[in-house]
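Paired with chain B in one complex and with chain C in the other, chain A is shared by the two complexes that follow.
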Partner chain A sequence: MNSGKNKPAPAGAAESAPARFDVIVVGGGPAGLAATFTLARAGVSVACLERGSWSGSKNMMGGVIYSHPTSRVFPQFWREAPLERHVTRRDMWFATTDSAIKASFESADFGVEPYNSFTVYRARFDKWLAAQATAAGAWMITETLVEDLLREDGRVAGIRSGRPQGDLEADVVIIAEGVNSFLTERAGLASCPPQAANVALAVKEVLALPKEKIEDRFDLEPGAGAAIEIIGEITGGLPGTGFIYTNRDTISIGVGVLLNSLVDNVTEAYTILDKFKQQPQLRRLIQGASPREYSAHLIPEGGYRCMPQLYGDGVLVAGDAAGMVNPINSEGANLALLSGQMAAETVLACRQQGRFDRAALALYQRRLERSVVIQDLKKYENATPFLASHPQLFGLYPELMAALAREFLTVDNLSKANKEKLLLKLFRSQVPARRLLKDLYDAWRSLT
Partner chain B sequence: MPINSVVCIKQVPDTSQVRIDPETGSLVRQGIPSVANPYDLYALETALSIRDRHGGFITALSMGPPQAEEVLRKTLGYGADRAVLLSDRAFAGADTLATTYALAAAVEKIAAGSLVANIGSGKGVDIVFCGKQSIDGDTGQVGPGLARRLSFSQLTYVCSLLEVDLKAMRVKAWRQREDGRELLQAQMPVAVTVTEQCSSIRYASLPGLIAAAKKPVEVWSAADLNVERGRLGLKGSPTRVSKIFAPPARQRGEALSGPGKSAGEMAASLFDRLADRGLKIGRRGG
Partner chain C sequence: MSLKYGDENQGEEAGAEKKDAPAGARVLPGPEDLGFPQPPPAVANKLGLVKFNLDREPHLRIKDAEVCRRRCRQKFCTHSCPAQVYHWESEGKKISVAYEGCLECGTCRSGGCPYDNIEMRYPRGGYGVQYRFG
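What follows is the complex of A and B.
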């Protein structure tokens, strides 16, 4: 290809580089950077290896990050981090192709410190996280793909990258590689085989719109933001949700749909997104906005049941790589941050005994179990199978709710008493009472 | 005897992602990631391979906004020994005249420092490398301008640097011309601009990257250089852009297709087509 490749670098250049690290973190997303930052601040020598040209370059997210978990790792981050808007309004829409029932919650205290959540551009936010890790003393190594783990007497002893002289040793490797958890598999820790039923495909567009227009259309105070979650016929009746988040002068709009349902229905996610954008109530919000970027990403939705073994000899797994996404509240970044921090704290505790074997690192699992990370994941362990097996939640029910609302609100020559009868009839014709009861019961069992 | 070289690196918008505003004709740079000018990386590789052979010291030098630090940091990963960024509002808006003025002052400062530290050949800076041009400005003037200001000899459009003779202080190189190549020899100190025929940049080793991760990128302001402020940046730039336009897209060529026709028939119809357009076609030997 080119003659410059694979020439060894001159010896002089490597003089001051440590030949090994206490800890290697694979992946510079929220999980990896939380771990790297926590370790570096504690004075541990840690290298974080990221395949992208900078942290954030490969990341995309809807996306809202939450103050509380984020500030546990990066105290008062909102004073400095590049954030888009603090979210003061959260909406839930049940939408059909031409109508919508909107539930909206707005709170003034979401608009003051410490805030509740923020919309972020991951490309900028992750870069900032990486800068914090560097400032704390970590070694951020980008454009470096980790291809395998090094093993010594059965334990993980480092990583192999694709670069010349690309092996690097460490006492512990923290795998924070995100949803395509190839190294987790190589480490023999994976529990579910990668399966289309356990991941959602999200596609997202970023559309540019002047700041004032955004605040006008979404009815927001200057600087405040809205996050809208949408379910209904707009995902083509497939199990999935749509979302709109307001950034400073852009809007993120996208849909996430379980991958196997796309495969089964021979649909493409972007076709769904295109239809979604045509929905009249939505179209009004994004009218005249010009496309800036387009991206697609997977989200692990297997939940608690598909979590890999979280620790092994010399190795820990955190974030999306460990399947830590709560599919109901679409929270992943906060679980990633918290699990990354706990992985780091586990390593710090184990360093005191100088032991990094399975038994010692099992502390990580115990910490996670006492935290919201595993408690939330356990709570919703049945959510994804439930949603996948109840497509009526995404098609029929929102459709029916809208039909009932329409009938109820339409004034015509039907008396109100007759209208009630009609509504009831309409409802029963669509959903037999037994079915409704069963769905409610299933929902209660798997979501509460 | 080791060689002390300076490689000039420009941060440019990643042109694979640049659009032209159809109304103003100017580049839409907003939100476009920056990369190192690709020709400058050929220059860096040329400097690195000379250092591989002869030893020496390489300083990567850039003038640009604070974000240009990232591009310079990459050069440290590839193996540059030192990185210097000229960053100051006073440098902004510079054309090639003002750019070479600031860069030359920086090269002089680097040379003076190397003499004190006894780096390289002991004669200051021996070679300044540049890419043959930048992909955003396309002027190709910075290398020659530097040579002139520093009173260095110059070798432009070098496609292969053959030999560095330290005793005689001479370099020998192939220079790319439109109609071929010429073999040239020049006296050091020399400014060399390189083309894409030189080796592309090496894949940095992991230890190289690790070493680079913590090396500082030095930032120099106008006050750090021996310069007159009036000759820097916009003030020092006589060039005025009077008009910018996007070149009209080239028309697509016509493709002849004739399913079921023989090659001979196709050639005949091509021949007729050309003759229709008034092209005189001479037949070989005819």
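What follows is the complex of A and C.
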């Protein structure tokens, strides 16, 4: 085995790369690549540094990407990008360990251009995004870990990488390093320390299943896909969600749980996933499918409260590194793409005055404030604390709903009127009415 | 648990490794051969499916073994890490670190160890986990 020495230079990059660029982007995920692509297309000299062997090799998500935000950065990406299935059905299940209430939404226009959303594998999708950036004239420097920021008179002036002669200078550094925000912390921009209350741990498996079987079991047109979100007892009563997404010939199945509840309960994420896979309605969908890959990733859940300072002298922060994930649906790739694009547009605007100090780059914050990115984050500001302090949402309530449904749908010798009375009694015995009302009110306040 | 090495997107080193490797992947000595305890089956089976480009240089470090020994009853990291990298050795009374199977998620630096007793860095560029799907 050849390790313990320096990796060879990445194909077609570093040997001949200049030591100075107008802009350096740290991280080749959706945020970094949206920024890199936008800058390269405007003719700016830009390098994107990625620690993986290729963009996407370190990344995982559920994952559904949305057409609208994605095509704002990469117009008509669906014509060429490596996509799995266009999603025509989105389901929401409230599940207990043995039953499920299923809400389903299907729309015919989800099945035609420009589509609504697609399932993707990040190891392939990000690679394609990187290829677009390269084609637009950017330098993609892979297999390179950025270890620190260079400073000059207090401003960020470039990066230090793990390579020999690994210093690169730039007017602006865009940090798009994802949820583990080492550099954002080093730059003194972070506002919340990395801690268990502010992240969810997600684990996922990719399971292979022939495509006809997938279309059969999920009741799909050829090529179309389903995305199912599941809440309830299946996360062991802990605040979290599960998901099942269909790919071409695999299924992505996973759970994400707030880390502090995992730690407090000394529970393993993979134990929850294994139980989840045994839930009878879910098991039926994945029966006979063979595991292909296991992965784990954090999701920032700190929301608006925990967003770092988004700009400084010579530096901007975008995507997960900036905590830009909506805690309700964990859809961060779209916010990452949009914030990366806005970071690039900010740099383009600042270039006209030739100023990249804090005051000039503050334009980024103003742009974000006007956009869906910060508006959504503000709207759901209280969602994570609410969900964390209301475990009944993940255990008791779905269970009660299932019990109610079961009673209502079971035909026995009780009249419907009597049944309703019985149900109400059952419900009240579990949840005092005042508490239920308060929970509903709080939920409405923090989730809508 | 087996660590697999080699992928079409590798540099020359990996290409050289691949020649004698069956079906494009070379099985490296598992952590047990490197002196690490075998993790329980749940995660071992899962990790066996993941590709790693193995670095000889550990990127994870326990800051103070005393804290594990005396203060931390639950050995939280042995549960919170999704790759079961951490294992409590009751004989040696210390945490062993099978960094080779690390999925680089960051849990152990974000509260997965409530005593903040783990120093987690990313592996050097090009090393570590390599998702084929992600």
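A few notes on this one:
The criterion applied here is as follows: the second predicted complex is superposed on the first by the 431 of 448 C-alpha atoms of A that agree within 3 Å, B and C clash if a C-alpha of one lies under 4 Å from a C-alpha of the other, contacts with A are read in each partner's own complex, and residues count from 1 in each chain.
Note that in this section a contact is a pair of C-beta atoms (placed from the backbone, for glycine too) under 8 Å apart; a residue touches a chain by one contact, two chains touch by 3 or more.
These numbers were taken from a predicted model, which means no experiment stands behind them.
In the overlay built on the shared chain, the residue A:Thr144 is in contact with chain B and with chain C.
Shared-chain residue A:Ala17: touches chain B; no touch with chain C.
Once the two complexes are laid over each other on the shared chain, residue contacts for A:Val203 go to chain C alone; chain B is not touched. Contact comparison for chain A: of chain B and chain C, C touches the greater number of residues. In the superposition on chain A, contact of A:Arg163 is made with both chain B and chain C. Once chain A of one complex is fitted onto chain A of the other, the partner contacts of A:Tyr294 are limited to chain C, with no touch recorded for chain B. Legend: residue contacts after superposition of the two complexes on their common chain; A:Leu335 is shown touching neither chain B nor chain C. In the superposition on chain A, A:Val263 makes contact with chain C only, not with chain B.
Shared contact residues of chain A, touching chain B in one structure and chain C in the other: 2-4, 7-8, 10, 54, 143-144, 161, 163, 292. In the complex of the two chains, the chain A residues touching chain B come out as 2-10, 12-19, 47, 54, 134, 139-141, 143-144, 161, 163-168, 292. Those residues of chain C whose C-beta lies close enough to touch chain A in the complex are 5, 7, 9-14, 16-17, 28, 42-43, 45-47, 49-50, 53-57, 74, 76, 79-80, 82-83, 103-107, 109-112, 114, 121-134. Considering their complex, residues 31, 45, 48-49, 51-52, 70, 78-79, 81, 199-215 of chain B touch chain A. Chain A contributes residues 1-4, 7-8, 10-11, 51-54, 56-61, 121-124, 126, 142-145, 161-163, 179-180, 182, 194-199, 201, 203, 205-206, 250, 252, 259-260, 262-263, 266-271, 274, 291-298 to its touches with chain C in the complex.
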